[in-house]
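Per-chain residue numbering starts at 1, and chain names A, B and C are given in the order in which the chains are listed.
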Amino acid sequence: MWKTVVRRFLIMIPQLFVLSLLIFIMAKNMPGDPFTGKITPETDPARIEELRELNGLNDPWYEQYARWVGNAFQGEFGNSYTYKVKVSTLIGERAMNTFWLSLLTAVMLYAIAVPLGVLAGRFHNSWFDRGVVLYSFISYAIPTFVLALILLYFFGYKLQWFPTTGSVDVREVPGSAGYYISKIYHMILPAFTSAVLGTVAIIQYLRTEVVDAKSMDYVRTARAKGVPANKVYSKHIFRNSLLPVAAFIGFTITGLLGGSIFIETIFAYPGMGQLFISSIASRDYSVITALVMLYGFLALLGSLLSDIIMSIVDPRIRIE
Amino acid sequence: MSFMQIKDLKVHYPIRGGFFNTVVDNVYAVDGISMEFEKGKAYGLVGESGCGKSTTGKSIIGLEKISAGSIIYEGENVTNKRRDRASAYNRDIQMIFQDSHSSLNPRKRVQDILAEPIRNFLKLTPQEESRRINELLAIVGMPEDARLKYPHEFSGGQKQRLGIARAIATNPKLIIADEPVSALDLSVQAQVLNFMKDIQDEYGLSYLFISHDLGVVKHMCDYISIMYKGRFVESGTKKDIYDNPQHIYTKRLLSAIPDVTPNGREDRKLERIEVERNYQAEHKQYFDENGRVYDLSPISDTHFVAATSSALKGGN
Amino acid sequence: MKTSEELLVIKDLHTGFRIKDTYFDAVDGVSLTLRKNEILAIVGESGCGKSTLATSIIGLHDHNKTRVQGEILFKNKNLAKLGEDEFNDVRGIDIGMIFQDPLSALNPLMRIGEQIEEGLIYHTKLTKEQRVNRVFELLTQVGIPNPQRVARQFPHQLSGGMRQRVIIAIAISCKPQIIIADEPTTALDVTIQAQILDLLKDLQAETGSGIILITHDLGVVAEVADRVAVMYAGQIIEEAPVEELFNNPKHPYTRSLFNSIPQMNSDGKKLNVIEGIVPSLLKLPRQGCRFSPRISWIPESAHEKDPVLHEVAPNHFVRCTCYKEFYFKGEEGGRA
């Protein structure tokens, strides 16, 4: 199996190369440059030109690209034009926030979706099932920002149960127990919002899987053995239905890492998504390109992760 | 005189593996078979699942890529020309599938299903085309109003007859029938088989009948080839195969077919055990060291057996 | 013919499926007896109700959508009255079942050993170690070489014939008195079919159980059955010991079926075709002789108004009187 993993990693190199080229060209073709925003009526055009020259922005694109790729290999994505710090440092800080937020979201997502999907499938066509279907329709139809704003307004402003911005209470000392509790406390509302919106796909998928599994021949065999109904469900139906969902975890996690853009912006949560939006607004090339590269890498990693999980949980699939 | 010859046909599938996903081996699905087809005759291809009989049929009609060998149709090599839409070969060789249900497009009416081969291969005016469709429906014993219906409105036997109607729309010379009746009930199967015989006599059709059911093949075919691991183990007339089987695999296959009478079943069981014992014991005389079937050698004008000469002498 | 004690007695069984609040009986008044030490074959074409009959006996129907009336008497219990949960005391222990498609009938994610062991967990007091040994014993009994290795394998790693042997091992794991085999060899090649049929017969002789063999294949019936019941449109239309039925079939349907087998008149002669089609469940004729629409050339007067089974020879029963005047279409008005 390690052979396949290594091969898959090697295949990722040309994929990432093509991705980087596309990103770089598109970033270069965006209107404006990092200094556009700083132009005031008093700015001397010669000074702007000087800055552009100094930052190598007037070089041919391929020279800029080569320089960028060369640095990227050393984990060096240059400095942020806006924040005046290294891109790697900037993203590093934010990435940890996003990582923890995504993890909490994933936990909540599966904690809500799996029981609902499984029970709806088991009690197909019951009042409970209909309730779950209704819930799915509503959460599917509702846009992210609407749900986020409703929850923010209700739990944040009205009830004041949860904080509405930031990732940690600034008064807490980093490293103390209170600091970590505060961090989790800040994540709950954005994670919940994101989880609710993600449940539809998993619930519907699981529900259908369970309903289908009930009429499978091997379930009939289990019944013919005289296995009690509860055991038929736990050992045959649920286990087999959860398999494709389990295999999808890889995609889900990387999807969450990239998909937190709206949530982080609305909840003013300082993660990668929020950084992405703000760096687009300020034409902060070095940050944008680094982030898109990172998202691309995560997507490739996610599919590899899913394939590996699949080969572990399903004996019919064996990666050599 | 035969109108079509198949020479040393091979279909190999590559197995990929290793670090760079290179071809490490081949699956020899069809591994060197030769056949000739005469007008008005039915040929049976018999074997157990995975022996390559369906692949053979598909490769002849062009649904599988041929790795080696050739197909000569009326003196012309058509091995690599099978993709040409207007070719006589494509018009003259048609196929009937086992699952008539899934081989008929559920969104098309019967008239559109039948019109497709007509439009592809025959240049008819709309009136002529319509008349031809009615004709086809009459041939397969269905009322004219069937043309406006969809496939799901028909029973299994009717759908199989529609499949046949589609296959004979272009007046083909050879129909490849891949397990055409295995999904049907006995009484419906009888109906379809009778009907296939009728149109064979009437239009001088040839059949390549692919089946695992030796009873059906015996009923339908003049010549029979027994296939195992992509090769023919024995080939001959119906009489040669059933009355004078030579290859140990043929004997084993024949002894396994249930007889439709309970009389003497204990003896048959003992005979089966005996044949099975011989099969294990004489394996070497019929298969080479790699388990591959030997080349066919003639033992009469019509009868060919794949075995070493010592086995054949011992058998006679 | 082996005669011995009665294992299972079915009396006037009706099994109906609910379609839009109306029940349609797929099994429509079947009475049958299964004895110890015999293989009873139930033959018929698709839709005749033979599989429904099997699932009613072992309670595998969807209990919410099915109505079972009449009696299925086993050990002084009426199985027709049992609910899904109560059936768990019968299924696996007293009645085992062998299924048609051995690949789909096995859980793809469970090891072979686990799947055979499962029935033992709920029906016996064996310890884990004893169960594992019993699994090896069962695998050996159904003719699987190297049981220790096979027990650790998954279904997709075995051939079709091996998988069917595993299915049989599951069915006999708790030594049931009754085994229901629903088309046990339909999905298999002929050589494998012969092996599996021999195995079934050997197991039956060894254990003295009664086997109900559901099949459409008269060849299979001829090879293994002791007694045969032919079903048409939800009813048994003929029942006899196997030699009697094959050598002396009476009912027009049975005779028509025999005449449509390609193997018997294999010189390429015309096969017999039964007029019309098998009626669907919703359109099943519920009165008079159900086969009469398909032998329209036989006069109305030949049929009984309310056909019952007549004993025409010892243990040979035929439904309706039309067999007396039946002749094949095209033949001179000869009699049976």
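As a convention for this text, contacts are C-beta pairs under 8 Å (C-beta built on N, C-alpha and C of every residue); 3 or more make two chains touch, one makes a residue touch a chain.
No experiment lies behind these values; they were computed from the predicted model shown.
S.K.: Which chain has its C-alpha centroid farthest away from the centroid of subunit C?
M.R.: With centres defined by C-alpha atoms, farthest from subunit C sits A.
S.K.: Top contact pair of chains, counted by C-beta pairs?
M.R.: If you count contacting C-beta pairs, the leading pair is B-C.
S.K.: Indicate the whole-number Å distance between the mean C-alpha point of subunit A and the mean C-alpha point of subunit C.
M.R.: 55
S.K.: Could you tell me the distance, in whole angstrom, between the mean C-alpha positions of subunit B and subunit C?
M.R.: Here the centre of subunit C sits 32 Å away from the centre of subunit B.
S.K.: Can you tell me which positions in subunit B touch subunit C when the two form their complex?
M.R.: 48-49, 155, 157, 185-191, 193-194, 197, 212, 214-216, 218-220, 252-253, 255-263, 265, 268-269, 272
S.K.: Help me check something: in the complex, which residues belonging to subunit C touch subunit B?
M.R.: Listed in rising order, the residues are 45-46, 160, 189-191, 193-194, 197-198, 216-220, 222-225, 242-243, 246-247, 256-258, 260-264, 266, 268, 270-274, 277-278.
S.K.: If we count contacts the way the header does, which residues on subunit C are in touch with subunit A in the complex?
M.R.: Per the touch definition, subunit C meets subunit A at residues 58, 60, 84-85, 87-93, 96-97, 99, 101, 104-110, 115, 118-119, 122-123, 154, 156, 167, 170-171, 173.
S.K.: Using the touch definition from the top, list the residues of subunit A that touch subunit C in their complex.
M.R.: Touching subunit C: residues 216-218, 220-229, 231, 235-236, 239-240, 243, 313-316 of subunit A.
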